[in-house]
Amino acid sequence: MTSSELETGLPSIRQIQTLIRDETEVELKLITNDLLTGKMRWQDQNCICLHDHYDQPTIVWRQAIVYLKPKP
Amino acid sequence: MTSSELETGLPSIRQIQTLIRDETEVELKLITNDLLTGKMRWQDQNCICLHDHYDQPTIVWRQAIVYLKPKP
Amino acid sequence: MTSSELETGLPSIRQIQTLIRDETEVELKLITNDLLTGKMRWQDQNCICLHDHYDQPTIVWRQAIVYLKPKP
Amino acid sequence: MTSSELETGLPSIRQIQTLIRDETEVELKLITNDLLTGKMRWQDQNCICLHDHYDQPTIVWRQAIVYLKPKP
Amino acid sequence: MTSSELETGLPSIRQIQTLIRDETEVELKLITNDLLTGKMRWQDQNCICLHDHYDQPTIVWRQAIVYLKPKP
Amino acid sequence: MTSSELETGLPSIRQIQTLIRDETEVELKLITNDLLTGKMRWQDQNCICLHDHYDQPTIVWRQAIVYLKPKP
């Protein structure tokens, strides 16, 4: 909640935008060691929204993300 | 405590506002691996307040939130 | 230590002030999974001070707080 | 490393100053669940320095502190 | 997401740039205790991208990095 | 990555500079509970570089440091 614009020039932000647009299936590893899989629908400064195989949304806090991996 | 206005333009903030207004039951996963369920009553920059089934409030620090899931 | 004024307009800050004034017994869940109980005596931007049943103080860093629960 | 002055007006900073001046023995609980005991010698924005019973210093990062407890 | 320029004057940023350019194999230790190995491809303020031996990318959040070790 | 100058006036920064200059062997405790030992070579705002007994470098992120202890 520190800044009000998503920095769309950053590689990480742009790659996530591409993965959202292409509806690529991804894995999100979280600091609790949870591994979520699904398709990302939107991102903002605080969160990334992931839909699972039943199209149920999970709003993930960025602070809790360890890594993101597109499924090959 | 870094900024004084809740950025109501952000998708994550707006979706939480909608979940509060609609009294949707949600799951909050925390970095301690606790999974709280209940209805959110308010949010500010630091915290989200969740009421459980006995209407008891829990003030959750945002920094400790991993993800939020509306119950289907 | 990023900002110098406690934002007394925020619901979370005000609710803590009320719990301090009313000497409400609370539970503080910490990221180490410790659960402290007692009455809060003061808060500032960095910390919350909790007194236990023997009136011994513990200065808790906000960054380590997961949730706060007034005892019913 | 976000701000350059220690905010000496804050209760938490002042109480730590008092504990340093009075050479009070304290317990520091850390996010790794370590519990250090000793006397604090100095604080700055990033760290608190603790000396153990053999007068060996440990520089503790504030970000890793969960709570501080003066020994009764 | 707090600042918009990668501070290329910092030793840590420059060393990572060198490791990217030289395609040095590295180990990345993460706060979940995962140990990733591979070659870094890019960095920005939020993330570092690592390719594994099958050339699959993993976007690692900086906040989750504990240490980086070039393989000898 | 929030500020561009290392605050060389701070006791913690200065003590680390002294430990670097004197090539003092140190222990670095990390949030993963790893305990690294070696000699520090440089610090910047984001990281501290530690060389082990085989002179292999490890770039440690400050955010992951719990405490630093000069070996007696």
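Which chain is which? They are A, B, C, D, E and F, in the order written, and residues in each are numbered from 1.
By definition in this document, a contact is a pair of C-beta atoms (placed from the backbone, for glycine too) under 8 Å apart; a residue touches a chain by one contact, two chains touch by 3 or more.
Computed from a predicted model, the values in this text were never measured in an experiment.
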Response to the item:
subunit B and subunit F share contacts with none
Worksheet item: What is the chain whose Cα centroid lies farthest from the Cα centroid of subunit F?
Response: B
Item to complete: Same or different, please, for the subunit B to subunit C contact, judged on whether over half of the interface numbers appear on both copies.
Response: different
Response to the item:
subunit B turns onto subunit E (C-alpha superposition, degrees, nearest 5) by 120
Response to the item:
When centres are defined as mean Cα positions, the distance from subunit A to subunit D in whole Å is 37
Worksheet item: What whole-Å value do you get for the distance between subunit C and subunit D if each is reduced to the mean of its CA atoms?
Response: 19
Worksheet entry | Of all residues in subunit B, the ones touching two or more other chains | 2, 31, 45, 63
Discussion item. Based on which chains touch which, is the overall arrangement a line, ring, star, complete graph, or other?
Written reply: ring
Discussion item. Counting contacts the way the document defines them, list the chains around the ring, subunit C then subunit D and the rest.
Written reply: C, D, F, E, A, B
Worksheet item: Can you list the residues on subunit F that touch subunit E in the complex?
Response: 1-2, 4, 30-32, 34, 36, 42, 44-47, 49, 54, 56-61, 63-64
Response to the item:
Listed in rising order, the residues of subunit E that touch subunit F in the complex are 2-3, 6-7, 9-13, 15-16, 29, 31, 33, 45, 62-63, 65-70, 72
